[in-house]
Amino acid sequence: MSAAPPDGGVAPTTGLTHVDEHGKAHMVDVTGKEATYRIAEARCFVQTVASAEQISLTREGSDLLASARFAGIMAAKQTSALIPLCHSIRVHGVDVDVRSLPNGFAVAAVVAIIEKTGVEMEALTACTTAALVLIRAIWAVDPLASIEDLSLWHKSGGRSGTWNGQPTGDRS
Amino acid sequence: MSAAPPDGGVAPTTGLTHVDEHGKAHMVDVTGKEATYRIAEARCFVQTVASAEQISLTREGSDLLASARFAGIMAAKQTSALIPLCHSIRVHGVDVDVRSLPNGFAVAAVVAIIEKTGVEMEALTACTTAALVLIRAIWAVDPLASIEDLSLWHKSGGRSGTWNGQPTGDRS
Amino acid sequence: MSAAPPDGGVAPTTGLTHVDEHGKAHMVDVTGKEATYRIAEARCFVQTVASAEQISLTREGSDLLASARFAGIMAAKQTSALIPLCHSIRVHGVDVDVRSLPNGFAVAAVVAIIEKTGVEMEALTACTTAALVLIRAIWAVDPLASIEDLSLWHKSGGRSGTWNGQPTGDRS
Amino acid sequence: MSAAPPDGGVAPTTGLTHVDEHGKAHMVDVTGKEATYRIAEARCFVQTVASAEQISLTREGSDLLASARFAGIMAAKQTSALIPLCHSIRVHGVDVDVRSLPNGFAVAAVVAIIEKTGVEMEALTACTTAALVLIRAIWAVDPLASIEDLSLWHKSGGRSGTWNGQPTGDRS
Amino acid sequence: MSAAPPDGGVAPTTGLTHVDEHGKAHMVDVTGKEATYRIAEARCFVQTVASAEQISLTREGSDLLASARFAGIMAAKQTSALIPLCHSIRVHGVDVDVRSLPNGFAVAAVVAIIEKTGVEMEALTACTTAALVLIRAIWAVDPLASIEDLSLWHKSGGRSGTWNGQPTGDRS
Amino acid sequence: MSAAPPDGGVAPTTGLTHVDEHGKAHMVDVTGKEATYRIAEARCFVQTVASAEQISLTREGSDLLASARFAGIMAAKQTSALIPLCHSIRVHGVDVDVRSLPNGFAVAAVVAIIEKTGVEMEALTACTTAALVLIRAIWAVDPLASIEDLSLWHKSGGRSGTWNGQPTGDRS
């Protein structure tokens, strides 16, 4: 191994990022990338099976939805400790939205940053964690609740520009 | 507020755990519960849109699947730092299984413990984190990949005994 | 240094715990202590200078008080990562109470556990963190707010039995 | 919820930062702010009840004061993991000063940074944690010790410029 | 994957722990093991190249040696967050000893616990971290300093009983 | 203590960084330093005593080496939480290389960054943690394995320019 800096991080033969030409994982060196304003939004749906009456107390304003929001925001800051090859970044802003719907909860997380690397994983982690908090909270009345359609919804900024996961539909 | 220990943690009027009779969240006191051997298994499916050839390099044995397994195991140990009202517990064993299928990845996480409280959230957190690692790794070739059917699959031990989320079907 | 286990943890010549006879800090070995049910309660007062009208929106039910409660509960679980010589323990239950009063906020944190070591620092850390969240939240309207009378209020369990910090008075 | 970036973070109707117009907490987007050199200093007083002789071994040079300093410095780096809506920042410098006085300890923490957001919470967290370490260390001889007058003392840099909490007095 | 608990954790065909029969890593289930009093001691030597005069200020009593001790103690508590397959345990006691010698520093860490799993990694992690703090502190005067002979020195308790790494010699 | 920013961080009378003129540790204020591209490489050797056949299953491609790589990468991101006076930085890239040799494992970690402070401790921490994972994995067949020659190997960038620990030799 030479003391040369790690290569530019694009795995030419695999098409997979974060895996080098020998199939080994490494943290991609983003030094050469430009620090730009980047936003990512992730969404998911917590699908409930119990009746709306059973979970009616999970209304806006109670600690339940606040708990999901806080957990999502705090999880965004812990992303690099959870996802091995993620860079540690300084999140500039996080907004987690949790909506109570008749058959579940719609969760969306928007994360903004000015960095050399994207913020998609932070948005996905915030969204997931908020959803897990909901799953746990309604456990006693709805053990069959599940998380569905957890994916990136929107990103902008960076070399690849604006991208929308589901531009013509709406999952929730 | 008296110096009395927190109440038994069952929210009588709401049916929701972790929310007391005033709608305020608290960490349920599990002192009165019995420390028993408990297992929980969570599962999800990472649904890919790209062709199998495109993501063919994510085969067994590469760092990719190992990365997902390690991240899942480590995340199980961080659960109480992510989910606000979860108790910090000593996980006795974690097994994360990641299988490459034609249209995605099946992820399962089993966590075992001897504690006064369940281990469901640890299994869900391990499963989720392993799935997020996969989502990130195949990003470049499949940005539309999503996590589906993330839920508890099995639990045993504790007062409520054995429970199976989907006893007669198989999601993957 | 012998391979003998660390001594019983009482610093005979100093009267100070956590400092050995040479003035060096170490983590006291609690192996010989009994695991008993222990409770500790810490209290403090967040004293505001701004008028009650100015901070009137910090009423019960808003995210503000919930935020302080959640932060306090989560901080209790992080105590051993903040206080160098604290043992890492499994908190059994945490209850953080935040009350809005005319001239500030009364904060109390009760932590319960069955361990070989006390839970005083967990209660103090929970109480402090909840208070810091309040300080930050009202910053814009009250930069002179301060935390006062932060101390242990009650403990029970363990060798030293029940103890009350201020048995005949009430700070809040 | 749109994919638009979170709003500018000023809560117009409440006067409270970190709470949007619906009373929901979010992490304020600081993208539009300028990265400037910022300093904040927080102070508190650990008030002892035991006689000076009883706690005389907590003199300068022993591990006790060093322990408080280290814990304060390390806590400054963990602030964003403790305070839910704090941004994760790269602290440029931390200085924690602990002075032994006849009736207690004066604690001061100065934190410096070049960021888009202030460093007040880091200074407060460092100061608080150092004080908690002292409280714990003298526990055996002074269980009634308390933390008093914990507040911001000075800040400079940022849009609001220099500010002094107690410009004409001295608490310690 | 069945919902059966993870297997007993012994990899029969490899002789390696933590790797199952398919070469996959998992966290060994220690449920069947007995919780016993266990001690482990790790040692290493920080070898300096600069003259003793150059590093003479690293004498006993200064913050330098205290810093190494505190960092070692705190690292012992973070072991399970660093070593992927380590169980999270409650450390009962930690003692880190740092001695200044003419040609370097002898570091020893003893960790005690009552658990179902050993505490060797906690002792190694504490010893390593204390040594890294010393390496950093003397950097300016001795950039060629190195850590040598970092290994387990002693363990007792558990199924395998007492073991001494170097029973007849002394490295330092 | 004045509210002035901490001093420039050079300890004039001691030659030791991170210790001020009174022997007290503080986190050096790096505000005045220039943010430049910096690389550091650390190396060590995990010396085995067991025969190569006994540890033959630790070959390239198994989870064992991947585990060491991942742990090293993740540890680099946790450096500031382990080493008390280290600044928290955003690592730009990490590459951990683990090679299986007849009598042990050669471990090298390269970390790259654009910051005002060096990245040596991140490289050392990554290298150390990867080595500890190997030590643990081969435990059952080689309890006498040790870590040797753990030190900085190369650094470039920053005021002091390029530096090579062992320019004419090769430890592994």
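Letters A, B, C, D, E and F mark the chains as written, and numbering starts fresh at 1 in each.
Keep this in mind: contacts are C-beta pairs under 8 Å (C-beta built on N, C-alpha and C of every residue); 3 or more make two chains touch, one makes a residue touch a chain.
Model, not experiment: these values are computed from the prediction.
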item: Which of D-E and C-E has more C-beta pairs touching across its chains; value: C-E
item: Superposition of chain A upon chain C: rotation angle, C-alpha, nearest 5 degrees; value: 180
item: Proportion of interface numbers common to chain E and chain F (over half same, under half different); value: same
item: Mean-CA-position distance for chain D and chain A (Å); value: 30
item: Separation of chain C from chain F, taking each centre as the mean of its C-alpha atoms, in whole Å; value: 35
item: Touching two or more other chains - residues of chain A; value: 23-25, 61, 63, 66-67, 69-71, 74, 78, 81, 84-85, 90
item: Contact graph of the chains (line, ring, star, complete, other); value: other
item: Set of all touching chain pairs, with the criterion as stated earlier; value: A-B, A-C, A-D, A-F, B-C, B-E, B-F, C-D, C-E, D-E, D-F, E-F
item: Chain C residues within the chain B interface of the complex; value: 37, 39, 41, 61, 66, 69-70, 73-74, 76-78, 89-97, 99, 108, 110, 112-114, 153-154, 156, 164
item: Partner chain D, residues of chain E touching it in the complex; value: 61, 63, 66-67, 69-71, 74
item: Complex interface listing, chain E residues touching chain B; value: 1, 3-6, 9, 24-31, 80-81, 84-85, 87-90, 115-116
item: Complex contacts: residues of chain E adjacent to chain F; value: 14-19, 23-25, 44, 54-55, 57-58, 62-64, 66-67, 70-71, 74-75, 78, 81-86, 120-121, 124-125, 128-129, 132-133, 135-141, 143-152, 163, 165
